[in-house]
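One structure below.
Labels A, B, C and D are assigned to the chains in the order they are written; within every chain, residues are numbered from 1.
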């Protein structure tokens, strides 16, 4: 059984209101050196089976990621 | 001949959606997300608003993969009418029946207020007698209602009039597929069907299900 | 760790600890001691307030369920009952405002659900420190988000509430949530377990180590920096709550619940012991059957876990399968965890052994009750002319400044984050006085409000208690509603210290007198004590939630409707600066007069029933000038009025009294309205609606501002306070 | 200037309703081998300055993470 990490970030051309809000808030707190903030998701799960990475990709295609707005990345840890 | 109002876990507006259909003289019955088929005699489908599956992952994402949605797709592909309201609109985009995606409001807050919508395209069955440029007063209530996509390529039916409340591309409030039989919008026409609630402008959209 | 240390750590006094073996006939074991400590905490046992609460009027021929159940129920006719209850979630919200406020909403909704009722409306009553404080900003914004998140996601409209900001709440914010539900009068569910042999079924979320000892211990002591007291935070799960609602109501519709109870503070311990004690039966629970989210949980942990979104039902053995099948259809866990027994004992087993075995009533009913010190305190006197600050030179500037104060400005920033429309029944929306929600099947409508006159309660507690109740009733009357029932949440400082015990007693006395006069019973409530820190003590804050009946077709709003209508000031008694928003917590506000209050409300409802009124709005915080602007802004309508008064100008504009209402009516109806007025109440025609200016003529001057600039100040009040650093 | 990745996951003992809902949905789609799903956040940002990791930790403490319910982790990539 493997622990798999899926990261799912807003695609570069998609508006990322959360990233923008975080950037503004950080600046407001005096962190002027923060830039190009993006906020996405990180999904961790156990996958049982011979090909956890392949299974995770299938899960992304079936449900976990929306390719119109997100880029995903799978990593087995 | 009846409108199937589909219920998912976390659907909230099925009662008011059903009442809106019967209120204009239509017939309606509930359909259940886990079923593979729409109820016997379904003539049109209404995907009502709510927080199906708690809006987890992405609003509408989990619901759009439910068994019933395969039947909704078949219905739509055969030319049947489908109206998705709010969470229902999010499901239609997630399932690819409508273009684009709905992302968080630019304010990152939930917003609930009456909104003026401008009719952009009056040639679909969804705006009744209203002509292009007319405005409809219908409430909006959502957290993830900013439409993102290619507005040039889409058949935009309704646009927010005046200030953009949520950051939608081109102020898109609702759109249809190319053939016009599938329509989705973030505003809630089922809550604008009764003079006691301040507006009856929502009836035009609901009529699109029974006309 | 010695036993001694343990009971003190758990919050029991030495005397309380010593009392347990006397009742039990033996020493309690560890899980039992933990259970006693929680059930005998202030939060669960009301040990410092229970005696005082007996003062409240709780009876009327409409009461279907009074205090003592998860919520009260009032008969609204046509075979329907309305359930109502308000509850605090103050301490959890101070620790984690988003989740604390959200789970507060979840908790009150489950109380309504436990009555077999469908929740139809939520309200929230909030108090925070001034918004200059970054901590208060954070608590306020996150609490509002949390309330919105939960209410929006479960599809119950949040139709009203109130908020104010005062330095007194800087260390102890208040987050109270009220829920109203609807139930067929013959299908009301109750918590009393019945029928030995019946099954006990746990429905909903799995049990984790959430908030162990949290709500109860934490809410029963002053908030300190003591990290150990911090429970593991409960994360809200409104999606599961919505399924729980749909599912439990489906089970109730099929008549399959013998009894139903939510799991709140002290979790399984309190729900099981209360169900058993109320029914005079026992429950035998197998902890190994409780679905857990974490491994290695001890018996005591399972018994007191405050995991949210769980309900405990009693069902007939033959219905268990059907109940579980309905839950499965809703993707909810449901597990038979025990059985109702003949003996009065609550038994909990683990690994086949009884780890807890004691009479349920000892936990639920035998907590020691205490008297609070009630040494009478002097009441401040009204301020004399020499004690008032000099009149402002620029009254118009003062007016605009007041309109833009967070305590007086628009609440739009709050209620637009709440879905106040879901269900398509919200006839009068937030922004005015009471909200009006239409009921199904043409059975009418319900008006709902929460109110509290906390500054008045601080300065003159008995009159403040009365003023609180009358303000709630007046907020119902201005939408055209007759009051039916009340629920209350008594938020106070430590009752064992200083004048708090006396104030608590006085406030309850004042509230009770007003409720008796109105013939409004208290059907449910909640008490939150110890809201103080070393530095600050909150005002006595007895929030009253009140419901009234109204024909939704006739429900009245606060907004002026058109040009040329008569503006009418209706009410009695003085308006003074004492205790006002303008002046602050000094002096002594005018005391309410019982007969006049009743007459005022009667007049409003009668006039509205006869179709004489176009709008009505109570003159509350900010006084006449603020109320007049509020009537004009929604319809973008000005007004020209003359106040014939001997008061100083600032007192005439911003003074606050008890019973005053600003109404409008067509000029044709003015004479009829005046003729209806009973002797206790003055009806003064003060001016006309129209134009784009709000002009107030005083004997020595005229103050005027445009509706646009008033609205700009009003709308910017909260957003402005939040954005500036 | 460095690209910094902050991961922010619900603490192990805290309820993760989103992870729970995703897990059920995956099972419903036939991915029976998915287990112990947790959903958290991934924040990417540029930080200018000598100690990007230290700066990121400060940002987490000040704004990005809620230590009552989340565990965070900073990585400079």
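Convention: contacts are C-beta pairs under 8 Å (C-beta built on N, C-alpha and C of every residue); 3 or more make two chains touch, one makes a residue touch a chain.
Since we're looking at a predicted model, the values are computed, not measured.
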Between the pairs B-D and C-D, the one where more C-beta pairs touch: C-D
Inter-chain centre distance, chain B versus chain D - centres from mean C-alpha coordinates, in Å: 33
Chain C-chain D separation of Cα centroids, rounded to whole Å: 36
Centre-to-centre distance between chain B and chain A (centres being mean Cα positions), rounded to whole Å: 28
Chain centre separation (chain A, chain C; CA means) in Å: 40
Contacts with 2+ other chains: residues of chain B: 53-54, 56-57, 62, 65
Sites on chain D at which at least two other chains make contact: 17, 21-22, 25, 29, 39
Of all residues in chain C, the ones touching two or more other chains: 237, 239-240, 331
Pairs of chains satisfying the touch condition: A-B, A-D, B-C, B-D, C-D
Chain C to chain B touching residues, read off their complex: 145, 148-149, 152-155, 237-240, 242-243, 246, 329-331, 415-424, 426-427, 438, 552-553
Contacting residues of chain B [partner chain C, same complex]: 9-10, 12-13, 15-16, 19-20, 34, 50-51, 53-56, 109-113, 139, 141, 143, 188, 190-191, 193-194, 196-197
Chain D - residues contacting chain A, complex: 1, 7-9, 19, 22-23, 25-26, 29, 31, 33-49, 55, 58-59, 62-64
Interfacial residue positions of chain D with respect to chain B in the complex: 17-18, 21-22, 25, 28-29, 39
Contact set on chain D toward chain C in their complex: 10, 13-17, 20-21, 24, 66, 68-69
